[in-house]
Structure formats: structure tokens, C-alpha cells
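So, here's a batch of structures to check.
Note that chain A is present in both complexes that follow, paired respectively with chain B and with chain C.
Entry: the complex of A and B
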């Protein structure tokens, strides 16, 4: 297993370098110039040229690439043009923000999605199955940015205006006096701020997981070993959760590998609406502002996390299916 | 060559480019609309104000800042020899007796032709780390402004400064190459702490390590950085060494880029000031939330259609450009898009906020006259010969592409209306919406566009040469008029405003007569304000000009957006 892990990790290195090289040339060759953010009618052209020199943008592209690559392999991601700080100072914070949001979303996606899928499979063609199918399709087909805005308007604005017992913050990661809260208060405060973005990000995917789970469970619960389990006199709960669920999990674990990159990088709109300073927003802002070092660093982190996510899902296969483990 | 001081105001005007992306704005003579927010009551100490901003800080240092929130933070963090403010239609320069933000208490013009200014600085002033603020800080800061390696956006401001000398710790003399109207402005730029930055090579100033630890920034203004989370939140706390004790305990600036969310937070009471209000949001919230106030930075942006005569030959004909102007009903655009209150029909480069330069009698708004537009086009040989509704000349249809940037609904709406107006006189305009960076590069960098819908920030100084000098990179329309250039040169060479202003006005007239742009409107930048925050002065100068006077009312002292039952230090009402 260890050598397998090592093989996969070593194999990821050329893959990541290839991805980053491609991104480097694409972003540098795309229209737009990082120095234009310093440009204004009152800024003389020679100042803009000097800024370009100070940022190293006056060098030929291949030279910039070699310089970037050399810095990169030494762990130096460079200096963000827009944030005015070394990227190594910024990235851990942004990554941690994303990990928080992603983890909560993932838990929500799989907990809710699997539960709904199981209920639907166990009660196939019942009223509950039909209603849940409708609800799942409704959320599955809803654009996340629209749903996010609706959440803000209903669960934050209207909840406040109508004095509902629960009102969620519309944006940000914490209250303004977060630093003065006790530990428990900090956790609650963070969870309150996480609620709406996590729901907006996860609800569509949870609906998708529910559909997959239903299909996988239906396939499993009609198999002979389930009948045998029931014939042995096992409780229905044990049959479903121990025997059927475990065997239905493999396609769901595949989804984990698929959803992780989506959640890490595809949460741009949700992060923007809720002012959640995560990776997606950071990378897209960097692309729009032509903040090349930030684009490269962000892309590397996302690509690395995708590789790790896929590795994780492969490992989970082995956990749930001993046959894969033995192979 | 230009000599007038400008940059601070220029970037304060968000440099046109930042403005290109903005959608928002606001009006009112003193920039303030009361709403039904209570305005009376005695100012009180203590409390927290929370502000929702679109952008974040990046490089809040006088020499190197280049736009965004950094521009506003200059009014919060760094003093200059004089406090520059907007008063009676022009920039005014105040000493410490009238504004605590000024480092000097007196100035005098000296030298044979009054080509030098001696400033006498207040004694006992200190930076936020306790170091004294001296004339040597001024000398060092101006040396950095002038050093080309620093790449300071304010390099042009010091072009006519010959030398800056400290006579002693509290007296500094600026020697200028000649006398000109902008001497006070140019010598009033924000001053940086020499003892913090002087060991850093000028080319590295922008990447000084202190920008990675914002709470260590050494400042002179009323507030310093208490805490900073990049991209999220900036907490400002009072600078104990500022001559006046700020009334607030904290100002928390939250970055909320999404407009809907920003104004939901204002309605929720979780922020006190929300910047960049779209006009339709203001109209809607006035009905539903009459308690909110609306502050206006008046007419700080100018929306236009640029006609590029370099790339689209028909635009080389002044009469064609005039016809396109006459064909557009600008009052109807303003009315239809419900922005009459926040906009003023633009005619010429000077906004109505300039008392000495805006001249509505000399430059009245051109009337909407589609018939006259059609007649002009006809007379210039543009006729619809094939009956398709589009005019042609020498077999070429009068058809062009107008670029604009995405993410701005107002501009998309204006583009649609322009298309209709021009189509009515036989001109086929095709809008093309581009990603902002690409739009910027095509319009300003490469100038590879036919027409462009965008906006410039309005500078607070009279110098208009950056947009109109033939060799300027910002002359995006290819304007080249010898008489206008001569007038601008004379204005720049004039020693006093009284001599310069008539020439600026005459140059503006020449420019308008050329119809290089379709002048649409000047518009306001509007900020929503909660009823609990008082004492905020907003005008064309900016929104952060008197933060030490801000206060929150006693009945609402808990910080907006605060979690319940915290162990936070209670706001100290005194």
C-alpha cells in the first residue's frame, strides 16, 4: 500500500508541472497586462515601465518562466501584485478558508444526499420516494449563485426583518467581535457564517448524490446476498446499513473524487456572494487582475488538492472493498 | 509638459480605469442626503463603525499606493503638510488651525518670484510608534516620490519641485522650478515615516515587509491598523498620537464585493456604511428603508462613448461625430434608467463641481435632434442606397463595434439604448462586451477599438492634459488640435489660477467643438449610511475625510454584526 501511495505521489509531480507550465503560458499570453492596474491618466508611462521592471515583467517570457520555475521548486511562490504581500503569507489563510467551507459542504453533501438516497431506495415508488425525487431534481437543476442570493434574501434579510428565531449572517467568515468570543462562541459563530455558503454550495451536489445513492442501493438491495441476510433474520436496519450500504458506496466514493475539485475551485460565485475569501475567488480575482504569481500558486494548490482528492478516493475504495485492498 | 500637481486627486478619482468597472454612484449639494436618519444629538465617544467596501487594501503607503481602498486609507492613515479638502467648487488647503490632519500650522511663499514655499510644522507631532514627525520625514518622502526607481504614481507631482530642504526639525522649504498654480497641491502630498522605510531600496518599497504585517504600519492619521485579514477585514483603531482623539473605538472595514450582499448587510444593520450603491438600489431602499441615509461623492465619474478616429475612418470626420452626438437623447437615457438624480448631462471635460472651470453658458448641452443628425450624415455622403436602413458611403456601411466591459448592467442598458438611437438615423452599432482586462487593453493599451463605452474618474485639479495631449497614452480618441494644445500649454505655464483658468476653459471649448467623445453624463458615487453612524462628511473629495469625527449614537453602541453575548470590551460611552 505504501509503495502504491508513493508511486501515485511521484507520478503526480510531472502531472502538476505540466499543468502549471500550461497555465503559465496561457495566462501570460492572454490579453491584459498586470501593469495596467497601476495605470491612470496621471501616471506617466515611464512609471508604468518602471513598475513593470520592478515586477520582472519586462523580461522575455521564457526567462520569466525559468525564473518562476526555479523559485517555485524552492517553495517561493512569489509576490502577489494585488495583495502586495508574499504569496506564502496569503495562501495558508485562503486555503484554510476553503478547506473549512469544503469540509462542511462535503459532510452536508454526503450526509444528506446518502440519507435521502437510502430512504428513496428502501421506499421505492412510495410517495416519499416521488416527493424526494422531485425535491432532489429541483435543487439539482438550480443555479448555485441564484440559490445563494435567495438564501441571503430569505434566511438573512427577511429573517431579520420578520424577527424569525434564526437569522444567518449574509457574508463574511466571522462577526466583527469574533476575537473576543470564547472558544465555544467562536465555533458557533464560524458555523453560523458557514451555514449559508455551505448550503448554497452543497445542496445541488447533495441532490446529485441522492440520485446516485438511490440507484446504487436499488441495485444492491435486489441482490442475493441481501436476501440471504434477511433470511438469516438480521434486522432491516442491519441489512441496509451494514450489508447494502457498504456495497453501494463505491460509486459514491467516486463522486467524492469528482466533487472535491469542484468544491475547491468551482465555488467562485458562492464565495463572492458570501464574501468568503477562499481559493476559487482568489484565483479568479487573480486571473481577472492578471496577478500572475497568485494565479500560478492558486492553480498549483487546486491541482495538488485534486490529485490528493483522487488519491483519497482510491484509498477509500480499498477501505470499503477488501477485494481492491487485496489487489 | 505638464507641471501641475495632480496625482492624488487623480487616483482619488479612482483613475478612470477603476471607474470603468464601477456601477454605482449618487448627488445633493453637500453630498449628503438626510433620509430620515436622526442627525441631531451630541457626539459621543466609543463604539464601532462597520463599513462594507468593494476592494481591499494592498499598498497603503503614501509613496507607492496606486488606487482602490488604498486611496481612501490615505485620508485615514497619513497626514500631509496641509489638509486638502473640497470647498466652494475647488480644492482648498487647510492648516492645523482649521484641520487636525495638517502637519503645518503656517506657510509662506518665499523667494524672488514666490517660487518657494516655507512650511512651519507643528511641534510634538508623533508617528503611531512614538517617533517624532519632523521635516526630515518630509524631505525623505519627497526624495522617494522623485526617485524613478520607486515608480511612484505621484512622480508627475514632483516634476516641478527643484528641491525640498529641512531648515530645522519643524521647518521645511520647497523650491520649485517656477511658479505655478499647483504648488500647494504638490507640496501637500501625504508624508511617510522615514525611520521605517529608509533602509529599503526604492525599487523594493512596494514590497516592504511591513505590508505583510499591516498591524505594524506606522502612520500619522487618526487611525492605525489594529488587525488585518487579507481579503476579508481591516480593523482600524485610534492612533494614540494623532492630535485629536477619534470618537470611535474601532472602524471595521469588511470587503464585500457582491452588491446585493453589501446592501443586505446595510439593511440587516450589520454594516453602517456600504459603498458603491447602484442607483436602482438607492431608489428601492428609499421606499422600503427610509431610515437609511445616502451620502454622495458628487460627479466624480464621467461616462462616455469614445470615437476612435485612428481605427474607424468615418470617425475622422468631425461632422459624423457631431451627428452621432445629436442622435442620442441623453436626458431620456438618464430618465429611463432612473439615474437623473445622480447624474448630470456632461458637456466637456469639467464637471459642474468645478466652480471656476465649468461654464454652462459657454458649453450648453447639445440638443437631441435626430433630424439634424440625419441631415448631417446625408450631407457628408452617408446615404441608405440599398434600403436596408443602414447608411453607406462608397459601398461601405456606417457600421461599427462598440466595446464595453462586462459586469456593469448600467452600461449594458446604455449600450442598448445607444444602439436604438443610432439605428434610427441609419447607423449600425454592434455592442461587444468584454472581460475588463481585455477591454482595458484594447481601449487604452492597444487602442484597437472603434468605439468604446466607459468612464473616467474626474480629477480634482484643472489639468486635463493627460486625456487630450496628442502624445498622451490616455488620449484614446486620437484628439489632436494645435489650438487646444497651445491653450493647455499656456494654462500649464501660467503662474496663478486666475491666469490659468480662462485658458483651461478655452481649451475645454475647443475640445467640445471637436466632438471627440459622446459626452454622456457625470455621475456620483453613492454610499448608504445607517442611522446609528453620525458625523460622516462626504463630498466630492471622498468619504473618509473626517473619520476622527465619526460617532455612533448612544442607543446603538453595540457593534453592528457583533455576535451576541461576547466578552468584547464594552464600547465606552463617555
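Entry: the complex of A and C
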């Protein structure tokens, strides 16, 4: 197991280097010059030249590349143009916000998706199965940003106007009086703010999980040991949840890591809509502000998270299925 | 499973004349025309129509460069040639000759798949919606009640709720939402078709090369595929598009195409790995055919079944991604209508005018659901293990 882990970790290193290279060349070979951000009517050309020198843009490309790569490997991501701070100081806070959102969303996806999948598999070809299949497809095909806007429209704006009991805040991470709340109140407040973004982010993936779960459950339910379990008189609930679910979970576990790219892609949109100060919003606003160091650092961190997610799903697969390890 | 009869290495099997050919089991008049082949034809027509539309569009913002007259003439000539070729292909597939050929050849893999496909009611619904969309995009100028940029009175006409005059209301400039949605369907679908055309071509080539040659070609190409897969697509797209600082539709289409090929290439590689060891490929090699010819004539045609599935599903996904990009303001630029930037437009007036956001969003959902239903139906029909 340990050697498998090591092998996988070593395999991820060239991938990460490749990602860095791709980011560097996409940003640097494109037309446009980061220094133009500082050009203005009141800025003399010498100053712009000085800025170019400070940023190292007057050097040949390969030299810039090696220097940049070396500083990245040491964990120095450079200065953000807009914040005027080292990116290393900014990154943990932003990352933590995205992780909160993604984790809550992930829990929701798997709870809802698996439940629906189990119901569908147990009642195969019933009315409920067909309706749920179609509803899942509907949510799967929905643009997350549109669904987010509809959620805001109904559960935030209309609910607020009509004084419905369920009403969620439409943006931000905390209420105005967050600092004065007791600890329990703080958690409730954060969860209330998380609700809409997490739903908007996760609904499409939940539909995907439901589809996989249905397939996996159906495959298991028709096997002999389930018939044996029923034959020895176990209750249906016990057969489904104890015997079938455990075996159906094996393919589902690997989805944990595979849904990460989808969630991070979706986070770009959902964070922008709900003004959630996370990675996605940071990358989008960095791009609109032409803050190149932040763009490169942000997209690298997101890609690294995806690599991590894939690694995690491979490892989980190896844990639940010993045949993989010895390949 | 027998390979498609259009592959030259598999000779058509003559049927014993005494027994009626199995094709007779299919409804009369259809001949051997499988629905999947019909879908290929539809997709190809969609691609050609999209290319023609985007390159000749009168809608502002799509053509960026003033064209040289020779270039214009060349463009028209290419378009005409492609059109003639497509007509010929359509004739071959649906004309009277096709039925005759099908009778002498018996059931192809595609015809069997077609029968399974027609039994799947949801997939047929998807196909119907898709054909409907084709018709709508073709006759948009005839059915659209207004001009997409027509503004009668910006103050009096803005944010009008749905009424008999404006079926889906008006937006903040007093433009008719229904009209813009109809014109937006042309843009969104065109982008979907062309981007998927690029990505499945690239994906098939990469997959076939890496599967066929193996060794270091395989290692390099697959590492590159892994690399591309580890970027969330949207992040890569916004970085590339923002860095190029030039939001023309063509950039959006090309970048969408260049970031969507990885899934296809993995599927094709898997197929080619097993095809490479089959007898007909070995026979072709023994006959001294070049690798290029074997790949093009013998290997790739046999991987077309999963490729059409990923193309159909890919169009839905591309339309979604394009809408997301336009929503962020990096895709299609206003005043050119696309479903994504219409949703983004309505975001400012979400409380006052819900119809601006809601209806284009519903159009996206409907389109993507249709393509997903079609793709799922095709997958079920083409994969013998999933046939019930």
C-alpha cells in the first residue's frame, strides 16, 4: 500500500510541472503586456520601462520561465498587483472559503444523490424511477448560473418580499452583525449563507451521482449474495442498506475525487453570483483586473486541487479494492 | 459484433436468396438506414450550417476582419463545394440507392442500433426537439416578430412584461426577448456545433494515434491529455480568452474546441487498443498498407459509434459552457444575442423583470436536455451490452 502511495505521489510531480509550464506559456505567449496595466497619461515612459525591468519582462523568455518556476517550487507566488501583498499571504484565506463551499456542497451532493439513486434502484422501472430519472436529467442539463439566479429570485427575493418562513441571504459569507453572534449563531449564520451557493453548485453533480448510484445498486442487487440474504430472512431494509449498499459504494467512492473539477469549475460562476470570496471569484476578478501573478497562482492552485482530487480517488479505490494495488 | 459494412476490409456478406433478408424486419421503406447514421447526417448538416452562418452572419460582432474580395470568393466556393458534397452524401444515405444496397448487404451494425434507438421513446423525443431546433434556426428571420436590435422607444418600452405584443416581454433597451432568443439560438447552436466539430476531430486523431502506435507516442499524448484534464475547463477557458484580450466569436469557438477533446481521445484510444489486435487490421498490415491508410480507413471508422455519442453529449455541454462564458462577459459580446449573455443581461433587473433571465435559461435547459437524451439513447442503442 505504501509503495503504491509513493508511486502515485511521484507520478503527480511531472503532471504538476507540466501544469505550471502550460500556465506560464499561455500567459506569456499571448499578445498583451502585463506592464500595460500601469500605463497611464501621467506615467512617464521611463517608469513603465522600470516596471517592466522590475517584473523581469525584459529578460528572454526561457530565463523568465526558469526563474518563475524556481520561485513557484519554493512556494513564492509573487505579488498581487491589485492587493499589493504577497499572494502567499492572501491564498490561505481565499482557499479556505472555497473549501468550505466545496465541502458542504460535496456532502450535499453525495447525501442527496445516493439517496435518490437507492430509491430508483429499489423501485426500478416504477413511476418514481422514471420521474426521478427525468428530473435528474433536467438538473444535470441546467446551467448552474441560471439555477443560482432562479434560487436567488425565489428563495431570497420573493421569499423576503412575501415574508416566507424560509428565506436565505443572496450574497456574501456573513451577516452584518456576525461578530456579535454567539458561536452557535455564527455557525447557523454561515450555514444560512452557504445554503444557496452550495445547492446551486451541487445540484447538477447530485443528479450525476444519482445516475451512477442507480447503476451501481442495480448491478449489486441482482447478485446471488443478495438473494441469499433475503432467503435467510433478513429485513429488506437490512438487505439494502447493509449488504447491497456497501458493495455499491465501491464505484461511488471514486466519484468523490472526480467531481472536484466540476465543482471548482462551477465555483467560478457560483462564487461570482453570490459574491463568495473564494478561489473562483479571485481568479475571475484577477483576470478582469489584469493581475497576472494572481491569475497564474490561482489557476495553478485550482489545477493542483484537481490533481489532488484524482490522487485521492485513486487511493480510495485502492483502499476499497485490493486488486488495484498490485497492478 | 460485426464491423460496419462501409469499412473496406469487411466484404459485404451475400445473403442466401431463399430466406428473406433480415432487413425486412425493419419498417418498409426505411431500408438499411439506421437512425444513428441519420443522426450523423444531422450533426454534419448542423456543422456546415453553423460554419456558413458564423462566417457570413449579418449580426454585428461576428465578423471582425474586412475581407479581401478574393477571400470572399474563396469562402463562397468552399461553402458551395461543401454544400454539394453534403447533398451527395445525404443522397447516398437516404436516396433510393441506399435501400437497394442495404437489401443486398443485410443488417448493418447501424441498422440494428437504429431499431433499438427507435424503441427508446425519450431519445426519440430528444431527436424531435433537435430537428425542431434546426427548423427554428433556419427560419428565424421569418418567424421572429421583430429585428433583434430593433428599439422603438427605449424609455416607454423597457421592461414590458410578457403580453400579446411581446410574447416574452422586453429587456432594458426595449428589445423583444423572444426575437433575441430566436436569434440567440443560431449563435449558441452554431458555437456548439463548430466547437464540437473541432474537438471530436482532434480527440479522434489524438486517440487513434496514441492507441495505434503505442510506446512513446502514447506516453506523450496521454500525459498531455492528463494535463489538459486537470484544469477545470472553465478556468482554462477564461484564462485563455482573457489573456488574448480579443473576444471575437471565433476565438471563443476555437478555444472551446481545443479544450473539449480529452474525453473523446480517451474513449477512442481505448477502442483502438483493442481494434489494433483484430484480424482485419493485421490483414491490412500484411497487405502492406501504410499506417496512415490503416488508421484512416480501417481503425477510425470502427470507432465512430462511441464518437457520435460523445459528439452529441458534447454539443449540450459546449452550449452550457458557452453560456457560462457569455454570462461572465468573456464569450459572445453584446449586442450579438446569445443565451448566456441574455441571462447575464437580465441579472441586473432580476426583481423588476424576471422574464429576461428565465426564458433564455429555459431555452438552454431544453436544448441541453434534448442533446443529452439523444446522446444517452444513442449510447444505449450502440452498445450491445446496454441493449435490453
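Going forward, the second predicted complex is superposed on the first by the 300 of 327 C-alpha atoms of A that agree within 3 Å, B and C clash if a C-alpha of one lies under 4 Å from a C-alpha of the other, contacts with A are read in each partner's own complex, and residues count from 1 in each chain.
Heads up, the rule we're going with is that a contact is a pair of C-beta atoms (placed from the backbone, for glycine too) under 8 Å apart; a residue touches a chain by one contact, two chains touch by 3 or more.
Owing to the predicted nature of the structure, the values given are computational and were not obtained by experimental measurement.
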Contacts for A:320 in the overlay, against chain B (first) and chain C (second): which applies, first, second, both or neither?
neither
So, A:310: does it touch chain B (first), chain C (second), both, or neither?
second
Scan A:82 for contacts with chain B and chain C and give back first, second, both or neither.
first
Output check: A:283 vs chain B and chain C. Expected answer is one of first, second, both, neither. What do you get?
second
Chain B versus chain C as contact partner of A:268, first or second or both or neither:
second
A:153 contacts which: chain B (first), chain C (second), both, neither?
both
Figure out whether A:115 sits in contact with chain B (first) or chain C (second), or with both, or with neither.
neither
Applying the document's definition of touching, compare chain B and chain C: which contacts more of chain A?
B
Across the two complexes, what residues of chain A are contacted by chain B and by chain C?
31-32, 149, 152-153, 157, 272-273, 288
Name, in rising order, each residue of chain C that touches chain A in their complex.
122, 223-224, 226-227, 229-236, 238-240, 242-245, 316, 320, 323-324, 327-328, 340, 343, 346-347, 350-351, 354, 357-358, 361, 364-365, 368-369, 372-373, 376
Enumerate the contact residues on chain B facing chain A in the complex.
6-7, 10-11, 15-17, 48, 50, 56, 58-59, 66-67, 148-153, 155-156, 203-204, 206-207, 211-212, 227, 229-233, 235, 250, 252, 254-258, 260-262, 264-265, 267-270, 435-438, 440-442, 444-445, 456-457, 459, 466-467, 472-474, 559-563, 565-569
For chain A, which residues count as touching chain B in their complex?
31-33, 36-48, 50-51, 53-54, 79, 82-86, 89-90, 93-94, 149, 152-153, 156-157, 160-161, 167, 169-182, 185, 188-189, 192, 272-275, 277, 281-282, 288-290
Chain C partner contacts - residues on chain A that touch it in the complex
14-15, 18-19, 22-23, 26-27, 30-32, 134, 137-138, 140-146, 149-150, 152-153, 157, 261-262, 264-266, 268-269, 272-273, 280, 283-284, 287-288, 295, 299, 302-303, 306-307, 310
